[in-house]
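Take a look at the structure below.
Note that the chains are named A, B and C in the order they appear, and that numbering of residues resets to 1 at the start of each chain.
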Amino acid sequence: MRRGELLAVVGENGAGKSSLMNVLYGLYQPDAGELTLDGQPVRFKSPRDAIARGIGMVHQHFMLVPTLSVAENVVLGREPTRNGLLDLERAVREVADTCARFGFQLEPRARVDTLSVGSQQKVEIVKALHRGAQVLILDEPTAVLTPQESDELARVLRGLVAQGHTVVLISHKLKEVLGVADRIAVMRRGRCVAEVRAADTTAEQLAALMVGEGHRPAVPSAPAAATSQAPGERLLEAQGLQATGDNGRPALRGVDLEVRAGEIVGIAGVDGNGQRELAEVLTGLRPLTAGDGTLLGGPLAGLTPARARERGVGHIPEDRLHRAVVKALSVEENVALGRHTRPPFARGPWIDFAGRRARTRELTAAYDVRPPDPEVALRALSGGNQQKVVVARELDARPRLLVVVQPTRGLDVGAVAQVHARLREAREQGTGVLLVSLDLEEVLALADRVYVFFEGRVTGHFLRHELDERELGRRMLGATEPGHA
Amino acid sequence: MLDVLHSLLFSTLDAAPALIFAALGAVLSERAGVIAVGTEGMMRVGAFCAAVAALAMPTPLAVVMGMLAGAALAGVHGFLSIRWRSDQVVSGIALNLVALAGGTFLLESLYGPNGTPPIQQLARWNIPGLSGVPVLGALSGHSAPTYLALVLPFVFQGLLTRTPLGLRLRAVGDKPQAVATLGLSVPGLRWGAVLGSGLLAGLGGAVLSTAVLDRFEQHTPAGLGFMALAAMVFGRWTPVGAFLAAAFFAFGNALRIGLVSSAPGLVELIPQGVLLALPYLLTLGVLALQGQRSSAPAALGTPYEQESR
Amino acid sequence: MPERLRQLLPSVLSVLLALGVCWALIALTMEPGTATKAYLQMLWGGIGNWPAYLEGAAATVITRPLGEAAMKAALLTLTGLSVAVAFKVGLFNIGAQGQMLLGALAAAVVGAHVTLPGVLHVPAALLGAALAGAAWAGIAGLLRIYRGVHEVISTIMLNWVALSLVDNWLVVGPLRGAAEGGQSITGTAEIQATAVLPRLLGDGSRLNLGFPLALAAALAVWVWLTRTRSGFETRAVGLGAEAARAAGIPVARRMGLAMALAGAMAGLAGAVLVLGTEGRYPGTLGAPYGFDGIAIALIGNNHPLGATVSALFFGVLRAGGTRMQLLGVHKSFPELIQGLALLFVAGRMVWLALLRRRNVAPAASAEVPRA
């Protein structure tokens, strides 16, 4: 790292970017190697050491105490005191000062759990700057921001660099990184394989470095092949869907959409705009508060997961570890989940062990799951193989409507390609696929039609040939009319 | 009428401190995120050690021994829960069982089934000028722990809400990761809370055997540790709330005992058993009405893993 | 190391360590040689005085201790099952004691006040006990499902409510047994002869139908959990409630039913105590079998068969406890061994780490499942 620059660290999932930063911040201890700061070797045994040397970190998952205020969160660990008691007034003043100095708009007394995601991130940054961080590390900061908030963040970061700070940005969004960084370091499988100047490289080159020779990454440079058939019957038709989110606030505020057999419908949008809740409504995991529709011949109201499955809805959920699989159970038990009450997995009230075993073996062979042992606990499999089990299970049930959420998160390039291929295959066989993905590139690569979500409403609907990233971005920000230029 | 109130207040002020200290200990531990099911066991070892120590040293010193015993048991809980991330409820229940069996075993082996030999109880203090006053005079004539129990909850509340340490403690019970990424020590804070809760629970137990009674009995603390948990929940995990709940329960108990002798007719109407069950029923009622998740510390019971992301 | 062995070892090692520590406790505080002799007495007291028998003593020196051990084991098995079944669905049932109390009371009432032919009376009493226990556990279950109240706190509260209501009101008040021959008795009325669990070895010991009943219950629970659809669903809920829900499993229903089953098991324990040995609800239940069930279940790794083995083991130890008094060791000694064994089992991770250092392949530990 050089002083006063914005260095981006890119790499695939699992390349080691976050781990490296955690070592820099003192959260992990290195097994080997050394760290030199300003010419002196240093050893950070805990974040305290790192902070003392002027290193601050903003994590991907915020490290804020929700029940405390902004000021309390920022000063935690270096609280101003008066006669041994906490001097909250001074804390508020000091935090307000820091905010003003760096151009942040934050209310120091507000409770953190009342703030928006973007504001919470700013609190994290202020937290680091308040401690005199000269080096600021940000781990995937734009994953949860709207494009507009991302632009603002980029401005803030460049502003910090202009003031002499050093910023390290971990990201996998190559285009964004090219726009804001001075230099880019590429990591692959735990090693730094290249350091280049942003001005000297392109997204394709970076992607190639990230995956090594011979593979093409999932950055679509050409639109994927469109479906060969016209969409069939209407599987899902919904009007005015409304639902409440986990935090008690409305998540869906009147959504109209439809899905037909033999097409992939993409749902695009920044995280937290209702897409997740839509998927949950369609799979019976969340009740509707208003609106209705028909799903595979029955009403949407009063849907439960069991009923959804009976009608023919398949579900590849987002949070695999918690929603899709029970990792302590064996592979074959996980394959049975969802259809465990029916043959070949059960006979009456009894489990059909032989049938379950046989079907599992078929599927692990067909999907190349490794290791192919049905009895091994699912947690012994890698993330990619676990996802293969999930995809295999859901597709084997021959669903008529398949709801897929973030299917390739955390997977390496090979696994991503396989999953995409299976989804296209399902489409060819007449399944209607509803693909919810935060990865715009994935949506662009797979979808025949795209709905854009913003704040619980559909702000745009595009057919494949109408897809334009700029316009999509505007709709993701809430625009409902086509823009100019 | 005033007489009745006076004697009720007096009994309450005698009986409540043990419960108050134990409840405060539970609050301390759980606010930092460590479940305090082992409070009953810590009280038991505190009571036993204080009663035995008082045979060989001045009683106030024996009380300190009791506190240290409670802290020692808490140390085992901390070792299992913090260092080894064991399930905190299992650890607490195990300690309760060990304290139960161990206490019975040691008592009967050393002293027989009727309890430890009687000891010199803690001295009672008379506040000059108050002794003759009706009702308020009930404040006079108690041993030191009573007065401590009236003051400590507020001191504790102040510490929790107005000092840096209190802020960190609250943070570590709600989101330990936040605390860790700021360079503070999660285990350190939690160890402090657990050992502190052991000292307090041990003090509660010691009060039972050196002030309320003059010995350690077979069944001490006879479920008081669990009632302390009820007080903690009822008091919404705050020191003053737990204090008020504990005082309320103790007062209710004194009332119940008082009614038996002075108004037996009432006892026919509402059986003793129902009155005894009342603190627990009330706590259940509060929990049912409010749903527990809203007020307990967010990270309660989840072991903190350093390497998790 | 095979997975199953790795699951078993911490439990076995914990028990061995507890035995060892307690042995040392005696060895250090009493005359030399007492420790081993005391342990032997505990053994003979549990599985029978084989040396005496082999020298020609009557069979009762074997059957009586075995009977005591079996009866204690039966109670521990049932309460152990109660806790283990709840764990399987991800709930911590600390309320087995209260559930057992209510089951015992229900059995005593049905046994004393209902008149049925023998063939029906016992099942009726057992059913009443099971239902009472299930209902009591059901309260905690409902509070958890519909109000999010953590079952640890609610079951602890319910234990004390049960104790207060039963021991301090019902049994000394409305359900109090009538005085007999001018002597007032503690507890409820004596149960009728048709409700008594028949003895299996005649007068040779107190071994009664309760023992095979407990073993049958353990077997039934095991078959249910491993071989039926609903058992599979229950385990899935305990190991991954979110995923179970997404898979269409009715999570709330499974939790409620498992909790009710847990309560029923504990209630049956109460019934076995009343119908088999006591003959009435005694003034107070005595040993905290409900809490012991927690130790039994955890030492048995929350597995129905493991809990049974653990119950048999500790049943033997506890029956033998009375004989230890001959050597001056208090009869509550086995409870100390049990408590320490639980404490060591609680440090499961410690065992796994120690085993790992001996180049045994580690895997994730079997944690207490939390729904």
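By definition in this document, a residue touches a chain if its C-beta (ideal position, glycine included) is under 8 Å from a C-beta of that chain, and two chains touch if they have at least 3 such contacts.
What you are looking at is a predicted structure, and each value in this text was computed from that prediction instead of being measured.
Centroid analysis (C-alpha atoms only) places A farthest from chain B. Summarising the inter-chain contacts, the pair of chains with the most C-beta pairs in contact is B-C. Averaged C-alpha coordinates put the centre of chain A at 46 Å from the centre of chain B.
With centres defined as mean CA coordinates, chain C is found 29 Å away from chain B.
Chain centres here are Cα averages; for chain A and chain C they lie 47 Å apart.
Looking at the complex, you find that chain C touches chain A at residues 3, 227-230, 232-233, 235-236, 239-240, 242-250, 363-364, 369. Per the touch definition, chain A reaches chain C in the complex via residues 283-285, 304-306, 308-309, 315, 317, 319, 322-329, 333, 336-338, 340-341, 346, 349-351, 377, 379-380.
Residue ranges on chain B touching chain A, taken from their complex, read 162-164, 166-168, 170-171, 174-175, 177-185, 298, 306-307, 309.
In the complex of the two chains, the chain C residues touching chain B come out as 92, 94, 143, 147-150, 152-154, 156-161, 163-170, 172-173, 288, 291-292, 294-295, 298, 329-330, 332-333, 335-336, 338-340, 342-343, 345-350, 353, 367-368.
Within the complex, the chain A residues that touch chain B are 18, 22, 25-28, 46-51, 57, 59-61, 63-68, 72-73, 76-77, 79, 81, 84-86, 127.
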